[in-house]
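One chain, chain A, appears in both complexes that follow, with chain B as partner in the first and chain C in the second.
Coming up: the complex of A and B.
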C-alpha cells in the first residue's frame, strides 16, 4: 500500500491554510469545546483550585431556579416581538427609501445610525430616557396630557419588559432597513414594467413581485436576527440589569448575571449550552419550514 | 520557477508578521540596549486598576510619573480597563498568568485572589517598611482582612454617611435624623409627590444589598457578632429575629411613604442623580459622592451627618477598602513593592484620596483640615464614638457572597412590589446563611 503523501502543491496549499485553520480552531472551536467542558465542572472564580466534574449539577441548578420559567417566557417575548416590529418598520423604511428623493443619502444616514452604536450604550441612553422620575419620555407624556402620573417604565414589572423591547426595536430597525433596501434595489425594473402592463396594483406588485423576489434575503436576515436578538443581552443589561425583581431577565442576561455576580462560569456555561441547543432546534425547524434552498447562502 | 517563488512567499509572510509583532513591543529592544554593565537593567512593571474613572486614572498616571522620575530604572505601564467588568478582566488575566506585577485589590476580590494563589503575601515587605505603623487601624485591619496576612495595602477607605438637603430641612424646621425611625419620619414629612419631591434616595437596584443588611444589623443592635456579622452572638442569623422584621418593615415603609416609586430599581447613578437634581432630600453614600454633590448643589444647601442608629442606639458600619497588591508570579516583586510603598506614602496618598473621594489611610491625615472640617467630618465623629458606631468584619469572604448580593436585591424588590412577604424574604435569607455557615468559608 502506498503511504499517504502530499505532493509539493498540496503541501503548499496545506501550509498556506494552516494559519487560518489554527486561528479558527484557537479562537472559535477551542472556546466552544472549553465551554462545554466547563459546563460540567464546579468552575467558580471563587476557588479555581478545585474544578472537579459535577455531572449535570450546573444544568439542574440553572433550570431549577423558580425564575427559569419567567426567563424562558421573556426570551420568547424579547425575540418574537422585537423581530416582528423591527422587520415591519425596517421593511417600510426600505420601501420608502427605494425611490430616489432629495437628501436621501442624509436620510439613510439617520436611519442607519442606530446600528452603529453599541448595545450597552443604547441601554444606558434608554435607561435615562425611561427614568420614572426625571426621564424625558415621562416628561413628554405628562406635558402632552397623555398621562397624569409618571410611569415607572423600568421599575414597574408590568412596564419593564415593554420598555426594553421598545429600545431593542429602535435599535434593530436599521439592520432590516439596510439589508432589505439592498435587496430591493436589486429587483429588476423590467419586472415592475411587466406588472404594470398586466395592470397589477401597487399592493399586488408588492406581494407578487417584490416580496417573492427578495424572499431569500428576507429568510436569511430573519434567521440571523433571531440569533442575534436571542444573543443580545447588552441592552437589557444596561437598562434594567434584569430587574426589577428579575422580571426582565432573558437567558443571556441571566448568563451574564451568573458570571458578574456569582463568578460561576460552570453555571454560566450551562446556560450557554442551553442557548445553543435552543438556537439549533430553531434553525432546524426554520430551515425545514422555509425549505432551506430558498433561504440562499447564510 | 513558479513554485520557487511560491515557496519564497511563505517565509516572507512569516517574517512580515513577526516583524510587525516585534514592532509593537519596543520594550524588548530597549532592554537589550540598556543591558550594558554600566547601567542596571531597566525593569518594566505592569499595573492594572479596577475602579477606573477618567479623573482617577489621570492622578494615578501623575503619581506613576513622579515614581519613575525618582526611579529612572523602573518603567510602569498602567492598564485601565473600563469599570464595568474590570474585576472579571483582572481575574481572567491572573488565571492565565498574564504579565502583571501590581494590581488593584478590593475587599470584594481579595479572598478570591488569595484562594486562587494569585497574589503575594506582602508581610516580608511590610515588616521592613517604616511607614506601615503610620497606617490607621482601619487600613491595617483591611490590609490583613484575609488570614491575618497583608495581601494588599489599601489606598483609601470607604464608609457610608448621610447626605441631606439642609435648605429643605431648615424650611420645615427639621434637624438631621439621628435614628432610622427619625429618618423615616423626616422622609415622610419631606415627601410631596405633587412637586416631585421625596424624602429619601432609595437604593432598590444593583448594590441594594449592603443597605438592607446594615439596617438589619442596626435593628439587632448589640446582639450582632461583629466578627461574623451575618450572625448574632447566639449563632442565629441576623434575619431570624423579631427586630429584623421590624427593621425590614420600616425599610419597606421608607420606600412606600418617603421615596420615589421609581427608586425600586435605582442603582448608584440614579440614586445620586435623584439627590443632586433636587428630587430627594436624603442620600446615604460613600465619600466618593462628595465631589459630584458639591459640584451640582450650591454651598449651604446640603450637609453631611453620621449614619442613623437603630432602636438601641447602635449603627454598624463596614469599612470598605481597595488598594494595591503584587501578583504571586511577578518577576519583579521588589520593584513592584517599591511602587506600592511610594503610592502609599502620606504625600502621594493625600493627592490620591482627594481626587478619588476616599478616606485616607494614614493617622496623620486626621489633622489635615480638608478631612477634619466640612463634608468629611462625620467620619471623624463616627470613629470617635465606638460605643454607638460599631465596625464589623465584612462577609465578603463567604463563598456565596456574590450570589447573595443578587438574591437579596431581587427579593427586596419583590417585597416592595408586593410579590413576596417580609416574613418569607427573611425566612429565605435565614436559610441561605445557615447553609453558607454549614459550607464554611
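Coming up: the complex of A and C.
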C-alpha cells in the first residue's frame, strides 16, 4: 500500500479550508456541544466550583415557571404575526418595484436601510417612538383623533407585545422585499408575453405565472426567516427587555435574561435545547408540508 | 376606459410607495430631530415636529458624560480588524468550495449552514470559560476572534457564490502562464471580484459594528467597551436621558446607514444571489 500523501492541489484545498474549519468547529460547534452538557448540570456563574449533574432539573425549573405559557405564546405570536406582515408588505413592495421607475436606486437606499441597523438600536428607537408620555406615536394618534388618551404602549402588558411586533415588522419588510424583488426580476419575460397573448389578466398572471415561478424562493425565504425571527432577541432586549413584568419575553430573550441577569447557564442552556427542538420540529413539519423537493436548496 | 384604469393604477402605486417611504424614514427622522432639540424642548408639549431651535448640546453632553470617543474608536477598530480577517479566511474557503469538488465538501457546507440556525447563546457559558482561560476577557481580541468566527460560515457561502460566477478558465490561463494557484487567485480573480469582496467586507463590518451580546459577555471595562455595550449601560443603569440617548443612537447608526446607502446595490446582489437561482 502506498503511504497516504496529498498532492499539490489537495494540499492547497486542505490548507485553504483549515482556518475556516478550525474556527467554526473550535468556537461554534465545540461550545454548543458543551452547552448541551451544561443544560443537565447545576451551572451558575456564582458557583462554578460545584457543577454536578442534576438530570432534568433545569428543564423542570424552566418549564415550571408560571410565565412559561406566556413565553411560548409570545414566541408564536412574535414569529407568526411578524412573518405574515413582513411577507405581505414585502411582496407588495416587490411587485410595485419590479417594473422599475426613475430614482428606484435612491428609493431602495431610503427604504431598505433598516437592514443595516442592529435590532438592539431599533429597539431603542422604537422605545422612544412608543413612549407613553411624550412618544410621537401617541401624539400622532391623538392628533388624528384615533385615541383620546395616551396609551402606555410599553408599560401596559396588554400593548407591549403588540408594540415590539410592530417594530419587528418595520425591521423585516426590507428582507422580504429585497429577496422577492430579486426573484421577480428573474422571471423570464417570455412567460408574461405568452400570458398576454392568451389574454390573461394581471391577477391571473400573478397567480398562474409569477407566484408558481418564484415559489422555491418564497419557500426557502420563509423557512430561513422563521428560524431567524425565532432566534432574534435583540429588538425586544433593546425595547422592553422582556418587560413589563415579563410580558414580552420570548424564548430567546428569556434565555438571555438567564445568562446576563441571573448567570444561570444551566437553565439558559436548557432553554436553548428547547429552542433547537422546536426549530427541528418546525423544519421537519415544513419540509413535509411543502414537499422538500419544491423548497429547493437553501 | 382602459387608459383611466392605467393612470389610476400608477397613482395608486405612487401613493403606496410614498406611504412606505414615510413609514420607513420617519423613525430615524424622529431620532435625528430629537437629538437636535434643546433639552427642554424634547419634553415640551405640544411636540415639535421640526425643532424651533437647532442645538448640538445633546451631542456635546454625550461626550461629556461618557467616554464616547473611546467607544467609537473601539467599535471602529474591532469591526475593521475582524472584517479584514474574515475576508482573508473566507476568500480561501469560499474559493476552494466553489472550484473543487472533494469528499466532505457538501457536508462542510451543511455544517456552515447549520451554524446560522442554532442560537449561539447556548454555547456562551463555554465560550466565557474559554476566553477566561485564554486570558482574553475584557480584551478586544476576544471580540475580534468571536466576530470572525461568527461570520466565517455566512461569508464563505456568500463569496463561494461570487466565485462560482467567474469562469475558472480565467485562473487556468494564468496558471498555464506559470502563476501558482495562489498568485492566480490574487492577481487575476480577486481584481475581477472586487464588487463582491467589497460587499462581503461591508456586510461583515456592519455585523461587527452592531453586535451586542458577546460584547456584553466578554467586555466589562471602560477602555475596551464597544458602542453597543455603552448604549446598553445607558439604558440599564438609570432612567433614560432621551436627549443624550438620541444623540448616541444617531452617532451609532450613521456609519452603517451611510455604508449601506453607498453599496446597497452590491450588498443586495450578494445577499440574494445565494437564494435566487432563477
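Keep this in mind: the second predicted complex is superposed on the first by the 278 of 298 C-alpha atoms of A that agree within 3 Å, B and C clash if a C-alpha of one lies under 4 Å from a C-alpha of the other, contacts with A are read in each partner's own complex, and residues count from 1 in each chain.
The rule we apply is simple: contacts are C-beta pairs under 8 Å (C-beta built on N, C-alpha and C of every residue); 3 or more make two chains touch, one makes a residue touch a chain.
Fair warning: this is a prediction, and the values are worked out from it, not measured in the lab.
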Under the superposition described at the top, does placing chain B and chain C together on chain A give a clash or a fit? clash
Report for A:80: first if it touches chain B alone, second if chain C alone, otherwise both or neither. neither
Identify the partner contact of A:24: answer first if only chain B is touched, second if only chain C is, both if each is, neither if none is. second
Is A:262 contacted by the first partner chain B, the second partner chain C, both or neither? first
Kindly classify A:284 by the partners it touches after superposition: chain B alone (first), chain C alone (second), both, or neither? neither
Applying the document's definition of touch, where does A:6 land relative to chain B and chain C: first, second, both, or neither? neither
In the overlay, answer first, second, both or neither for which of chain B and chain C A:178 touches. second
Should A:88 be classified as contacting the first partner (chain B), the second (chain C), both, or neither? neither
Could you look at A:154 and tell me whether it touches chain B, chain C, both or neither (first, second, both, neither)? first
Name the chain, either chain B or chain C, that contacts more residues of chain A. C
Based on the superposed arrangement, let me know which partner A:134 touches: chain B (first), chain C (second), both, or neither? both
Candidates 22-30, 130-138, 148-156 or 256-264 of chain C: the single one with C-alpha clashes against chain B: 130-138
Which positions of chain A sit in both the chain B and the chain C interface? 9, 12, 16, 120, 131, 134, 241, 259-260
Interface residues, chain A side, partner chain B - complex: 8-9, 12, 15-16, 44-49, 120, 131-134, 150, 152, 154-157, 160, 240-241, 243-246, 257, 259-264
The residues of chain A that touch chain C in their complex are 9-10, 12-13, 16-17, 19-21, 23-25, 27-32, 34-36, 38-39, 43, 89, 92-93, 96-97, 105, 107-122, 124-129, 131, 134, 136, 139, 170, 174, 178-179, 182-183, 186-187, 217, 220-221, 224, 227, 231, 234, 237-238, 241, 252, 255-256, 259-260, 265, 268-269, 272-273, 275-276, 279, 296, 298
Spell out the residues on chain C that touch chain A in their complex, using ranges where they run on. 13, 16-17, 20-21, 23-25, 27-28, 30-31, 34, 42-43, 45-47, 89-90, 92-93, 95-97, 100, 102, 108, 111-113, 115-127, 130, 145-146, 148-150, 152-153, 156, 181-182, 206, 209-213, 216-217, 228, 231-232, 235-236, 240, 242, 245-246, 249, 252-253, 256-257, 259-261, 264-265, 267-268, 271-278
Chain B residues touching chain A - in the complex, by the definition given at the top: 3, 6-7, 10, 84-85, 88, 91, 95, 111-112, 115-117, 196, 204-206, 260-267, 270, 273-274, 277, 279, 399, 402-403, 405-406, 409-411, 413-414, 417, 419
